[in-house]
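I am attaching a structure below and will ask some questions about it afterwards.
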Amino acid sequence: MADSADVHSLDGPRGPKPRKKLSRRNIILYGTLFVVAVYYLIPLYVMLVTSVKGMPEIRMGNIFSLPLEITFEPWVKAWSQACTGLNCDGLSRGFWNSVKITVPSVVISIAIASINGYALANWRFKGANLFFTVLIFGAFIPYQIMLYPLVIILRDLGLYTKLPGLIMIHSIFGMPILTLLFRNYFTSIPEELFKAARVDGAGFWGIYFRVMMPMSLPIFVVAIILQVTGIWNDFLFGVIYTKPANYPMTVQLNNIVNSVQGVKEYNVNMAATLLTGLVPLAVYFISGKLFVRGIAAGAVKG
Amino acid sequence: MNSIEIKKLSLNFDEVVVLKDLDLTIEKGEFLVLLGASGCGKSTLLNCIAGLLDVTDGQIFINGKNVTWHEPAQRGIGMVFQSYALYPQMSVKGNLSFGLKNAGLPKEEIEKRVKHASEMLQIESLLERKPAALSGGQRQRVAIGRALVRDVEVFLFDEPLSNLDAKLRTELRVEIKRLHQKLDNTMIYVTHDQIEAMTLADRIAVMRDGLILQLDDPKTIYNAPANKYVAGFIGSPGMKFLKGTILQNDKPIFKLEGGWSESPDLSNYKFQESIKTETQVWLGIRPESVVVGGEAKNMPVNFSLEVEVVEPMGADTLVWSQIGGQEFRFIIDGNISVNVGDRVTVGFDPAHVSIFDFDNEERL
Amino acid sequence: MPKQALPERFFIGSILLAFVMLVLATVGIKSQILENAQFLILLPSLLLVIWMGVKTGRLEIFTNRLRKYATGWLIAALTSAMVWSFAQKGTQLALPILKDLRKVWNTFEPFALFATAVFILFCLVLLVIGTRDSDLERPGYIESSLVNNLSSKIAAVPMAFTAFGIFIMATLWTVYHSFTNSRLLPKSELIGFGQYERLWSSDRWYVSIENLAIFGVGSLVFSLTIGFMLAALLDQKTRFENTFRTIFLYPFALSFIITGLIWQWILNPDHGVQKVVRSLGFDNFVFNPLYNADIVIYGVLIAALWQGTGFIMCLMLAGLRGIDQEIWMAARVDGIPMWKTYLRIVIPMMRPVFITTLVIISAGIIKVYDLIVAQTSGGPGLASEVPAKYVFDYMFGHQNLAQGFAGSTMMLVSVLIVLIPLAYLGFGRRKHG
């Protein structure tokens, strides 16, 4: 205290309350967070190191140790040679199937849901709320109860086991939550804007394309994140509504890893798992905070 | 004894300086208002006094005790927040007693204090209700009650009335003033509303950019603002400023920039210090210190001008005009009828104007 | 008159939908479901109209413009009926001219019959609503209730179709068929509660339910407490908050399949945690939840918590951030310790967040399927079966459709039991607040 008194002649405590950097509170706080973070990171780490080890090393060593020798062979094998049943062309087939499923499903479901949401938010009509309630309720109903009737419908349409059929399924089941997302967003846009556009003579579609859509880019991004991760990660619909040649990546991955034939190649399995996870992980790390919004909106889904 | 003493207080948020080297002394029983536009640091200062923010430098004394490092609850303060900050799931009684229970006070004592506070604020009938079932005014009373039961020397108010509508605000304003007269403890009150400040305060501290521009009683602040900012901030409708120069021969004369047939004689004005000739200044005139018609003839300065816009406000009428190309406005009695295009004679006493330096805007 | 508005809304909705069905049917989609759907919609509509008519007690058919509209629909109905009759053999014999276009008539036959029913219904509606509703006198009232805002209604057709045509119809279809003896193919003869009796006497279903209960309670308790605690830890103006949040949340981006496979590997007794600990010298260390029928579900729980807790944390964090900063200040001025502020003030204030989270977790728990398939395939034995897997296996593996339907109906019932009170709590509060 002596020197501070010299400068300003202020006695006693002054300035910020002294805090130890290593206070008990901070040790507990950061210690807990650190331990939990390690728990969360270990699986990713184990996947990575396993996928670049050779099989002998895996049999001998432990799963947490760093690889003695790095090999990318498991990755190559997972991508182009791993077998599911009789097909031995690796995950690449599933990857392209998933792309072919995801892209149109995302586009279709978002197009329909955004227009629905817009109609519900800005052009309310009698009975709209009833539809909407049923739709939202549909989001909570276990899918299992609708699985079989949809098989019949797809079969009638001649789309069963084909990719367009699965695209239709994804579009249908994406609708409740996306509609809710868009409706809530459009409701939050000031109504004056909508009224001004109407006074200026714009109609239903004019307002949608020229006023609402340009203003809603963030919500479209959120919807895209939600749908891409959701559809990419889907397993149930993929396994029911497609046949082996059209299996999406997730289904193929499960079949590769859990196949009972042959010797288990853990390194290839982990490489395949990582490969399948790359797309959603990339979406996650690129989109950052928008991802949180997306999943928060999609949480009630499926 | 001084109730609160603040010495060399500074506060930075990272690189941003919010409060700079601030000194302030508040006497026991004083009602001090911190007044300023949003972002001037007034609420920050209050939070520092309450101990809700860690200061960067300086000291805070409450009742002679250095409390710079004390927790808020140990400082002997009660605080009332803008959003009331009532605990929503507790009844009014629970809200009032929660802090006391926590401090381990005996039951009878808590009962006594809650009873006393609720009687004082006339909320006895609301004790069992939840905050959600109260009106804005009632909630604010409960919030005041929560400070009251703490039985402390110092009350801190953070814009307590700004969430209420205009009518309720005036009612509660009076009640706070009554409360102060009854309790006679120190109160620090933050607001951006200059009428609240004028009506409540013993002293007002006008703040801007983390500095106290002027600390004085309301009358002085109104009549002799220390600088152009304070002058413009206090008073409604606000003071109008005329740009010009002062020529000092045998007596000071105001020359309006842009040319004006009149050159008012400012001998009546009490300059802080003698003034050099050809000083560029702002001449500030409050609209309400201008008089019209017959009375104007008796004023040291009088002239006539043409009415451009008339804004009747009931009791008064605000008249807009121009002097030599600069905007000028004044208030006349609401009963006098004037029309656009009329020429009226107006006058003022230079003793009641304020003159500020053109460059540093300080009072001359 | 809110009480009357509801049936009307339902009614107009069902009519619109019936129209959609008609259109779909006309473009050539013949399906058992659609045909059933049409009549399932029409029947309650018709009953509703009759009920409304009875309640009205009077039918002033020939007042005002009503006659015009009603006649219009009647003509439309007659036309449809005529088309239908053209397809009948007897008519074709009587009028040989029709035979040339036989194919056309035959295609239209079912729809014409359906359209007749719909148009007659429309006619009845007009009469009934007309006598009840004085607004009808207002010019353009009927048009406005159907045609006004047309773009919006057309835009909402996919939604209406999904909501009623798929969600409601598919659900009703499955519930109906759970009372049948469908095996490889759906049959429609009802057999009563046989499937449910079989379901509840099946060991496998019991194991599934038991697992679901353990898994459900476990994930609710742990993800809520851990999620909340992590959120509270991150809400202390913590440095590196973003880094921590990114780490806690990334598993949520991964699918259940991936989650299951990773944890299957880590919990592998020959290579994973058990082996590593044993190699450290603890030779008798046993940790192989995936191969022990008694604890296998906890192995799944670990994986599920790893995947989902980060997300619960995010919801909680958003909830904490939504709490007025001044509440914290007031608590500090009142001298309330931090843990007590959380317990007594903050958590009760976050009630809506907790309800939302509860709904989200519960809805997810009942549907859990992928994780089990990937991590344990239901094993060892049947030890980690869950209802969703039971349903799937019976529907698509064991060719016993009705048993699967019964199981899925039970799932639906349990979702409703969980959701309806929660929804009521959640939405009911909002109305008051």
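The chains carry the letters A, B and C, assigned in the order they are written, with residues numbered from 1 in each.
By our rule, a residue touches a chain if its C-beta (ideal position, glycine included) is under 8 Å from a C-beta of that chain, and two chains touch if they have at least 3 such contacts.
It should be emphasised that the depicted structure is a prediction, and the values quoted were computed from it without experimental measurement.
If you compare A-C with A-B, the chain pair joined by more contacting C-beta pairs is A-C. Centrality by C-alpha centroid: the chain sitting nearest the overall protein C-alpha mean is A.
Mean C-alpha position of chain B lies 59 Å from that of chain C. The mean-CA centres of chain A and chain C are about 20 angstrom from one another, to the nearest whole unit. In this assembly, the C-alpha centroid of chain A lies 54 Å from the C-alpha centroid of chain B. Contact residues on chain C toward chain B in their complex (touch as defined above): 324, 326-327, 329-337, 340, 344-345, 348-349, 433.
For chain A in complex with chain B, the residues that touch the partner chain are 8, 10-18. Looking at the complex, you find that chain C touches chain A at residues 8-10, 12-13, 16, 29-33, 145, 148-149, 151-153, 155-156, 158-160, 162-164, 166-171, 173-175, 177, 186, 230, 233-234, 236, 238, 244, 246-258, 261-266, 271-272, 275-276, 279, 306, 310-311, 314-315, 318, 359-360, 363-364, 366-367, 369-370, 373-374, 377, 388, 391-392, 395-396, 401, 404-405, 407-409, 411-412, 415, 419. Of all residues in chain B, those touching chain C in their complex are 47, 50-52, 71-74, 77-79, 81-89, 98-99, 102-103, 132, 146, 150, 158. Those residues of chain A that touch chain C in the shared complex are 29-30, 32-33, 36-37, 39-44, 46-47, 50, 58-59, 62-64, 112, 115-116, 118-120, 123-128, 130-132, 134-135, 137-138, 140-150, 152-153, 156-157, 172, 175-176, 179, 203-205, 229, 232-236, 240, 250, 253-254, 257-258, 266, 269-270, 273, 276-277, 280-281, 283-285, 288, 291-292, 295-296, 299-300, 302.
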